[in-house]
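Common to both upcoming complexes is subunit A, partnered first by subunit B, then by subunit C.
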Partner chain A sequence: MKHQDVGETSPKRSVRQTTSSLLASSIPYVGMVAVLGVLVLIFGLMSRNFLSLTTLASLANQIPDLTVISVGMTLVLIVAGIDLSVGSVLALSSAVVGALMVDGGWPLWAAVPACLLAGAGCGCFNGVVSVYARIPSFIVTLGMLEIARGGAYLITDSRTKYIGSSVEWIGTPMPGLFVSPAFLLAVAIVVCGQLLLTRTVFGRYLVAIGTNAEAVRMAGIRSEPYAISVFAISGLLAGLGGVIQTSRLSSADPNAAVGLELAAIAACVIGGTSLAGGRGSIISTFFGVLMITVLQTGLAQVGASDPTKRIITGSVIVVAVLLDALRRNWGKAHD
Partner chain B sequence: MTSIHARSWSSSMLASLAVMASSIAAGCGGPDVDSQPTDGAASDHPRVALIMKSLANEFFSTMADGAQQHQREHAERYELVVNGIKDERDLSRQVALVEEMVAAGVDAIVIAPADSKALVPALRRARDAGIVVVNIDNRLDKEVLEQEGIAIPFVGPDNRNGALAVAKSLEGKLATGDAIAVLEGIRTSFNGTQRRLGFEEAASGAGWEIVDSQSAQWEMSKANTIASSMLREHPEIKAILAANDSMALGAVAAAKATGRGGDLLIVGFDNISAVQDAIKEGRVLATADQHGDQLAVFGIEHALTLLDDPEAKVEDRETPVDVVTAETLR
Partner chain C sequence: MTRSLLETRGVIKDYAVRVLHGVDLDVRAGEIHALLGANGAGKSTLCRIIAGLTRSSGGTMTLGGETYSPRDKQQAESCGIQIVQQELNLLSTLSVAENLFFNRLPRRLGVIDRGALRRRARVALDRIGLNEIDADTATGTLGVGQQQLVEIASALDRDCRVLILDEPTAALTGDESRRLFRWLDELRSQGVGMIYISHRLEEVTRLADRLTVLRDGRTAATVAAHEVSPDGMVQLMTGETSDESSHAGQWRSHAGSHSLLRVVGLSRLPMVDNVSLEVRAGERLGIAGLVGSGRTELLRAIFGADRAEAGELYLGEDPTPRRFDHPSAAVAHGMAMVTEDRKQNGLLLSLSLLINTTLCSLDRFSSKLGYLHRRAEASETARLLESLETRCTSIEQAVGTLSGGNQQKVAVAKWLLRDADVFLFDEPTRGIDVAARRRLYRLFDSLARHGKGLVIVSSDLDELLETCDRITVMSAGRVTGTFDRSSWSRDAIMRASFAGYRRSGEEVA
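So, the complex of A and B:
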């Protein structure tokens, strides 16, 4: 049951892999697909137009920013860290795009790299300080949460910047196609992230560091560069999330993404990523993102009241994690 | 708040750092660093404390800027201390600010309360200490004021009439029986409720049907999600009325994403700078300008009047709200 999860590879795997690798690797997703299916079915029954292609298109339009941020978050959680700053870094990056394009008159192609750089810079700072000063990343990124939000207010003078049509194409469905460039990019990042994690030395080291950093050190591997680059990737992806959100809303909002870090962490945990490090899957995180977004959209579509929305969202997160834990224990018992 | 009095750059920098450190240590519940001391501390001038909601919100930062501009022009009349809270829902911090200002011995407090009920007891204590209190922006709850046995004048716009006026800009563009949707603010906010009531009044007057009304918590991204869902569930919606401009911009993006960019009518409230471009482009039809930059000034002037003449009658003062459209922006 647990073959898919990185870091719990069983020696038998290589033998089985050839015969039933596809089947085996899809088993961990069955539970999540089932929960997703139930959610979609319920919303379909409760509303007039939930089961339609436009809903699907709109979901595809809404998920890219949370998706890329959750990919970064998964990597950070795997090395037993946490990045609380992603929401603020997204707002900061978005502010950079807005300020450069509206006040500075920069073209999009020049503003985007600057914005990604800002995101990666924040991430690097998180990584360097927490790794070299041995401060828990919880504290360092909590500091960055404040710093980046302050920076976003400073850059925009606390004003929403309306950019308009020059950024919209990134988040707008392409003609003839169902989805936006942002969606394709997010899917590509999920695939690359999963390959990075499961098929590269880099990925194996991340899992090793998260499982037992001391053992990694004993083995003569310097873990610092790996840990730092994970935070830098998370910052970079938060910057990308900023570009995506700015393009979807045609505006840069310094108040954007407050609390998004919690949605990203929830998506990771729903997907079975361990907060203690060493275990996680990016594909599963993607299912977590889908679940959270389907809930959000579905609850809005049936017109649920605000208290109901919160209670149901919270309950579904707990139930999803509970199911994952049960599945894991059952898997252990039958191995 | 440490930096009430004018001080050198380096020490106020240190103070800000200390404040920031404590705010992080307190799990982001600490004070805001937006305390702005005024220069020239001649002690015979009355000192007015302006206590705002979040200064990170454009509406309130504009208001604070207007007040500081006014103080510079009337430096001989009063001194000004501006304070804000970090998050609009950080009630306990705002209550603490009121207490700190009382302790600092200011002569008047002009406050935009983060909550229309929870702030009343703290303001009563301020009144008991002999401080003039003026309420701006978000009206304090009448019943709680009565229970506490105090009268605090309210200076500000009538949000309900403002919303009614904005909604009326849809008249002639919508027919009787047409479907509309409302994006509400936070339900516990008095202003949010008033604006919703204004929209509803306009709808029932013109015979439009409100098919969906949900709170998007004043936020652009939430409004985007909710408006998208509304438009899918009720494709017959012809107009979306948003209780603030951020949510209106979120609805604009939703209209675009659902292929309704051309025909969906959207109105907002507040007249933030970002929405003006959207109005010029024809993506938003109208918004309401409550002259935010002057709101605090109106409040301060009212407070100064009361300070000059303690016998003056304590009464409310309504400030103007204007509808902004592509026509008026031209």
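So, the complex of A and C:
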């Protein structure tokens, strides 16, 4: 029977496909690399200073905090949730570091775990409330956005706490190397995040839950612990973002990272993550972060005014998502 | 009175297969015409064609002597044909009045005329005796029965020559039903022709003037209602008494003696009412019954997908009474359930065959820390899907791109890989082609041979007669009969399928 139909073959052949080469698995990123290349080229032509080590250093300096937050955001979006609180949680975590080191005299190695714990705690709260009380995470994390920001002001007495050189090294390029420890850490988190998502049971469940939570339940899997963990991870990474930002500013600023959640969501969406859940890639999100950062840095260098910068950045986000949607529909039509 | 108002001649409908093979029906003005038939006999399809919800593939219809062939529901309505379907089509956040006049709200300069709306709603509600309902209430706050009546009132407020009612009393209390009947009597005296579908045969006796019985997509008989008893109706639906033809193609029984699953007094009202059954090793237990008799709900309550309110499960020789509060508990105790609705809760349609197949067996394909062995996953998936003769281009393909039969194989493969002692199948062959269906029957056989217990819910009685060792019949949430091969007949099973409705039907009448 099977032989009659030439278009369909037994699934055996596909076994080879799953163990495909690195080259094949990098195909989805080709488009993003190309767009990134075009952006760099345009800015390179428009500004003689753009293609310089200084620009590169500035990029590498700006990227880490947005990157770690976007990794968490990608995971949250994959389970069909959203985390609007990451910017505020970052500020709160940063405030914890500032308060402990400046007022409490704690050393950095003790303050950092406390700060990560604060971030993870906020994330856990988000997860537990939204999952067990069945409140949309949009609402819960919107609440946390205010709570954490308020907490940051409270802890710092609404003043920027200057810490100084004891934290600066994290965001400073290492001697002999071009990049900072923070940058390496961010890259490591991207790699770990991607492995977690594609190579572990945990990641597999996240994608499944985001695709159809009811089907997952009927498969005999309790999805609640996974959904909560994802919010906890997002909070933890926001805490880490707090450490990175503190080091870059040499101080804890309760006003830091206002609106960062939106940049993170934009990075995810540019990378093709679906807000409806079930689809996303950490590597693609990283490209999204690169694109947003290159765009902002480039526009600043060519002397674009702030309104122009905003309009262009916004347009690029819309166009990127539009292209992704077109590509997807095209792919579907030609399956 | 004897002239036809609505007449269908040789109406045919083809989906993947032909479901209507030429149906004749004539409905007179001022009569209630009951439409009867077993599951899948074609009642709903015929009504959908008449109401313009789907188009026929052949045959002719006339309405008041003129050719009638509605393009869509709008056109059918403008010809005076209204349908009240079983599922509610109301917008629960809108008021009763807004729902009643939803696509024809009284307007003045484009603004809704609230006063006129309220007045007209009042008239429409009073007419069917819903005096106690305030037209401004949000529809969602009403009981299901009242919502059903609002829906009927909405159909009736339009110009109505033919009214189709599909199980209108399913959600109504005895009081509400009686109110509906009085009102239908009045419509009859006004010359409206009505097509009435109901499981409750006593209702049919009480209400209908004539009845038409459909069997396998054909008109089996049209008779005057007073000439036939409820038992006679069942007989018309089944065809000949004790039809032996299906026994020829039966699968050999592998039923052993020891019990794998015993269900005692399981209840989740109103759909599952004090159900007890037992599945033995190697046994295929069929669950027959009319659509809506609570069979899916029973499986869900056993599997822990819905919480049972009362009753216990006993597994194997274990005397511990159990009740599962989540499917994960059922799975941990060796149960598996292939759900009816693959799209809703059976499969992850946008994800790959591989992900779907291994979803509940990932512990077998991963290290202690949860790192996946993808190569092993891929080879196991390929082996299993191939053994089920699944047609696909790659195991990385999204399962939603497969045909229904192949999707079902993936849904089944998921549980085969996981393995279980008791497999619950809910309508396993719905919407799948004959080849896939045969493959599943072979699979049932091999599972039984390996000592598994199978519970198979199916609306296709032939399927159950062919594959099962025993058949339990559910009717209105209760078990109304259990038959083994020596004692079953189509007739007896059909009679049991209607039994639950008949008792409550008597209360109503």
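In this text, the second predicted complex is superposed on the first by the 315 of 335 C-alpha atoms of A that agree within 3 Å, B and C clash if a C-alpha of one lies under 4 Å from a C-alpha of the other, contacts with A are read in each partner's own complex, and residues count from 1 in each chain.
Keep in mind that, in the parts below, a residue touches a chain if its C-beta (ideal position, glycine included) is under 8 Å from a C-beta of that chain, and two chains touch if they have at least 3 such contacts.
Because the structure is a prediction, the values reported are computed rather than measured.
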*Of the two partner chains, subunit B (first) and subunit C (second), which one does A:212 touch, if any: first, second, both, or neither?*
second
*Have a look at where A:145 lands relative to subunit B and subunit C in the superposition and call it first, second, both or neither.*
first
_So in the superposed three-chain picture, is A:324 touching just subunit B, just subunit C, both, or none of them (first/second/both/neither)?_
neither
*asked:* For A:204, using the defined touch cut-off, is the partner it touches subunit B, subunit C, both, or neither? Pick first, second, both or neither.
replied: second
*asked:* Just to be sure I read the superposition right, which of the two partners does A:222 touch: subunit B = first, subunit C = second, or both, or neither?
replied: second
*Superposition-derived comparison: subunit B or subunit C, residues of subunit A touched*: B
*asked:* Output check: A:279 vs subunit B and subunit C. Expected answer is one of first, second, both, neither. What do you get?
replied: second
*Provide the residue numbers of subunit A that touch subunit C in the complex, in ascending order.*
1-2, 5, 7-15, 17-19, 199-202, 204-205, 207-208, 211-212, 214-222, 278-279, 335
*Which positions of subunit B touch subunit A when the two form their complex?*
20, 23-24, 27-28, 55-58, 61, 187, 212, 214-215, 217, 219-221, 224-226, 228-230, 232-233, 235, 245-246, 249-250, 252-253, 256-258, 272-278, 281
*Show which residues of subunit C lie in contact with subunit A when the two form their complex.*
303, 305, 326-328, 330-332, 337, 339, 344-351, 353-355, 359-360, 362-363, 366, 369-372, 374-375, 377-379, 381-382, 385-386, 389-397, 401, 414, 435
*Provide the residue numbers of subunit A that touch subunit B in the complex, in ascending order.*
47-50, 52, 54-55, 58, 61-62, 139, 142-143, 145-146, 149, 153, 157-162, 164, 168, 171-173, 245, 248-251, 253-258, 296-298, 300-303, 306
